[in-house]
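You will see chain A twice below: alongside chain B first, and alongside chain C after that.
== the complex of A and B ==
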């Protein structure tokens, strides 16, 4: 009897276990079924002269992520008072800058820095902001959203807003799953990675599709040379910081940050020192891409120069000495130096300065600033009603 | 019958074990090369004007120092193993001022010598493909037409109130220096010992010809100047003497 009793208990345990296992299997199957399976981004290319790039393995480029990121980028809901979106300071027709010396967000206060162009972000320094304080686009994305002067948004409030939206829950579900701060950042980073500018006149020249004019070619040669009077080589010294094809800062470590002589020692901003804690990085700022530079005035991290002519004048004769000033800037001179009286100057003539500016205009990519893939998706939504 | 079966099983297991063992020891492994930087008898410290101008007045400081190390060949009993795509940018701006290369998938052999170059071979130097650490958008790229800087040294010479920038960019295909090192002991892949080298940055200014940084504060495109420094950097790497350890 007792044995029989145990036997029946064994049997029920076995049955229960079997049911449990089946349930787990069903739930597992169902979970797999409802887990988003986003579509890898199709037709994504970049010129080989840009070199290798890396997309984070935990945030692959997918159509769904890019679509979501683009919508978030243009959505004013991302700011605390719903007045400002990322695109407020990053306007496509200005190569994703805002035309101001320093940007203005929800507080109306002028920010510390000039709005950076968003182009070819997977190449060049992988440290973001002018002072390089974060190491990924994902990390970068959440900073302006929460900054009290920029977008002043509480992330939990933002998630609540997006959850009660008609469109976002579906977009998040197909791209990542849940709505979270992490996934907001991932989506914005994905959209930003697709912002590739590679069809300027310079690109067409690199692909052998056209010849530069004599003046553009003169400017290109000056851009690409560090001057050396010993071999009668004249140079504008640009390539010492701006790489030859990308025209951005260098990718390796913090090589893409430089003190370009904007301020004398006593007025020097901290710059990269904020990121590294090293006094030897004081006054160094991110070397930006020069792609579309003719569209992205004003120039420098604080927008102090309003024209390219002023920029060239600065490099030619306006350098202020400080301890962390680039030795390449100090040393570069197109005239023999008087060793006893070193005065920092490139000593380019007016014709040469003009040629460099003419070359810089070949970096403008009209396709990039009019590409529908990068434009405001809300315009498309609202146009039929308007 | 049963006994026979046991013998077969035991023999089979033994064979399988031996196969696994021999398979494992024949698998390629890793060889580590380590380069430790010094300045003469002193440690390398960046951004500190603590070193004397070897040929004249003033003290110098180093902001950046890096060079290309390429075409690594390991010479073993079975032949020479050429490390594929071996273009490494050696830099020392880290807490241990040392640079390590882990050569993966090195065939099993007893290696008694190693050769490599300071600089880049002519083919790679004329190419804009990104191979190894070669990157035409890096600070080591001079321009598309000229190729790579093989060695970069940037800093300043301080003499009283005068600060002179020091810029030594040495390139051109003729300045590639290929060095041969006979190893004190043969090395097999996956052994715990790294191949240890010392890089004496001061040799750049003292190796064959002593350089006065006041007279020659920069070297860029002048071929004679570049050759002078290349002759010097050809002497800057040596095997680190090993202290005998009790067996």
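== the complex of A and C ==
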């Protein structure tokens, strides 16, 4: 009996142990494989006048994704030597540019392009970067991380680093489930999509909250007008290329890439030709947002102009002819058709140029550059990139 | 007046009074064309299918327990959710309902309203985290006591942008000859001036403003129609008023009337100042639809001397078998005029204006043909959607006092969608049957602040 009794106890223990193991396995399985259920972004609204936008269905805007993306954006771990984060070249107080003609990454070499402002990225772009070389915000996010001169990070190494971090495993688990390159890109893209600038003086004007000054209004009208001498309409011709100036560009294939006359034929950079392979796209670069333009000097894809005055001078008297020069620029000269000595120039006077610049300053959104939601989430004494 | 005629007259009065009409949010953009690109950056963008989403005004029916609202409705006949209300914002405190929709040159949405307590409204529009359209408000604007809002136009005068609104009830619907045109600050919505000149106050032969409804402008001249008293019984107009925008004062009345097929004054309702910004190189002229006259008239304008010619009748509805002409709408090449009876939209070559030269087959809609929108379907087919009712009526069988279908039969409660080239009817939504609501207006699209007006 005793033996039988002990045998029964052994069986019970074995059974219980088996059940326990099974329970642990089930719990582990649930913990491992249950899909996270992130929280839809609360209280989010975007201006109607900016137009339609689409968030990828496989990367909806959620609180967890945005929080994770914000942390990644400011984290130097994303670079190979832990010295550079996304925010190194995208500083909030400069509307997420860096104030340099061309950015400098981990290699110390000057990069090919000027840092682009990050604002209102949900609207428009099908093709990112000055030369349109990637076609999604997610894809864009991984490009600089791996670029040898920018952040020089191996993605597998980065995943290992993040997995050994105290915080990231939990954040990824809540937002997406696992740590992967794809989810790193998703999170960064999500944060960048929330960088909405919609409270500049001009935004307030659109909402009817204030009036522009006489000079700002003059600049606005010049900005919006394609010159038409037949009806005595003088124009700065800006809107012809910058029709999406409040957002971040065009969403129709390669619309929004233009040769704005920076260089003569023999000196043209490849530009959009890199993405399309078409010689007709040589010298064309992305027409950037003009939101916060007063904060984002230097200007142009290579940062060749230090001031808005230099930019206006370029359009007024510095256009270089080439085969791919925008016809919109060639047509706009504010001169009668039979005027003598026609040359490519807007022929604006100093007062008009000044008014356009004054109007461009109304596009500055001070709330955007000081918004805590977009700021560095790290304690400045830990691993910051202030 | 015998009982039958009286009944018919009252019916028509009601129809006219509550029908609205034309706006100038798009066309007046002569001076404000630039604003389209300026404020609606998506205008040249892939709109993600939103170009088929109509912004509509719905009227709740008291006996069916439904509430007035502003809504966004899917109007692509190729979409699985054709006719579905995608978003709705109820306005239970505004009754009678909102009446017409306009977008300002800076992309703000407005609606006029028949409610004396709230005759002009700014509608809040936004997007949520998925990018979907959201209607988030309908705020009444202080009109300074002006009542029964009808048409809106944004126009620049001597370098200053203004918002003009006609109020058919003027500064009080109790006035027998009331009516006003409000001049508002286009930024703050504040009333700057009330243009009011009651016939009984200005003296014989002096220009007056009475029951103004349609309005249109070119340069420093504005024309407004004299339609009908809001109570639908006190009086009917038969003229337009010319307003000098330099001084905001009425300077001339022009009678637009010939035959009276139903025995009442002609009731000019909508007006379109044909001008070079609409038709390049055109000699300016004014087109007028007369609801009781069933006609369309032309009044030439000498821009040099700022004088208007004698009216000339271009279209006679009695001869053509149509009645109650209402709206002018335009696209890039054609002008469209809706005729509530028998429910048809006629079309004319824009380039031939101000003459009315047919540009294609009639669009045979339903009785009550009124407001309309133009858009491409998912496959790219160009279509026109026509709202077919003059009033927004309930069911007489339910003792709904707003139902007068038994008299006029111009309230189909449908929006019919037609191929724009051939006029073929492709689909229809019956709002009363589907939602227990009347549809008061369809003339705006959510996409990028674009709206079709004359």
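Simple rule for what comes next: the second predicted complex is superposed on the first by the 332 of 386 C-alpha atoms of A that agree within 3 Å, B and C clash if a C-alpha of one lies under 4 Å from a C-alpha of the other, contacts with A are read in each partner's own complex, and residues count from 1 in each chain.
Following the convention adopted for this analysis, contacts are C-beta pairs under 8 Å (C-beta built on N, C-alpha and C of every residue); 3 or more make two chains touch, one makes a residue touch a chain.
In this text, all values refer to a predicted model and were calculated from it rather than measured experimentally.
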### Query
Looking at the overlay on chain A, is there a clash between chain B and chain C, or do the two fit?
clash
### Message
I'd like to know which partner A:330 touches here: chain B for first, chain C for second, both or neither.
### Response
first
### Query
So, A:21: does it touch chain B (first), chain C (second), both, or neither?
neither
### Message
A:280 in the overlay: touching chain B, chain C, both, or neither? Say first, second, both or neither.
### Response
first
### Query
Which of the two partners, first being chain B and second being chain C, lies in contact with A:122: first, second, both, or neither?
second
### Message
Looking at A:228, would you say it contacts chain B, chain C, both, or neither? Reply first, second, both or neither.
### Response
first
### Contacts of A:167 with chain B and chain C, given as first, second, both or neither
neither
### Task
For A:267, decide between first (touching chain B), second (touching chain C), both and neither.
neither
### Residue range of chain B overlapping chain C upon superposition on chain A, of 38-46, 128-136, 182-190 or 236-244
128-136
### Query
Between chain B and chain C, which residues of chain A are contacted by each of them?
48-52, 123-124, 224-225, 239, 243-246, 250-252, 255
### Summary
Residue set of chain A touching chain C in the complex reads 40-41, 44-55, 60-61, 122-124, 205-211, 220-221, 223-225, 239, 243-247, 250-252, 255
### Message
Going by the contact rule set out above, which residues of chain A touch chain B in the complex?
### Response
48-52, 123-124, 224-226, 228, 230-231, 233, 239-240, 243-246, 248, 250-253, 255, 280, 321, 327-328, 330-331, 339, 342
### Interfacial residue positions of chain B with respect to chain A in the complex
46-47, 63, 89, 93, 128-130, 135-139, 141-145, 154-156, 162-167, 169, 214, 217-218, 220-222, 225
### Query
Tell me, which parts of chain C touch chain A in their complex?
34-35, 37-48, 50, 106-109, 125-131, 133-134, 136, 186-189, 447-449
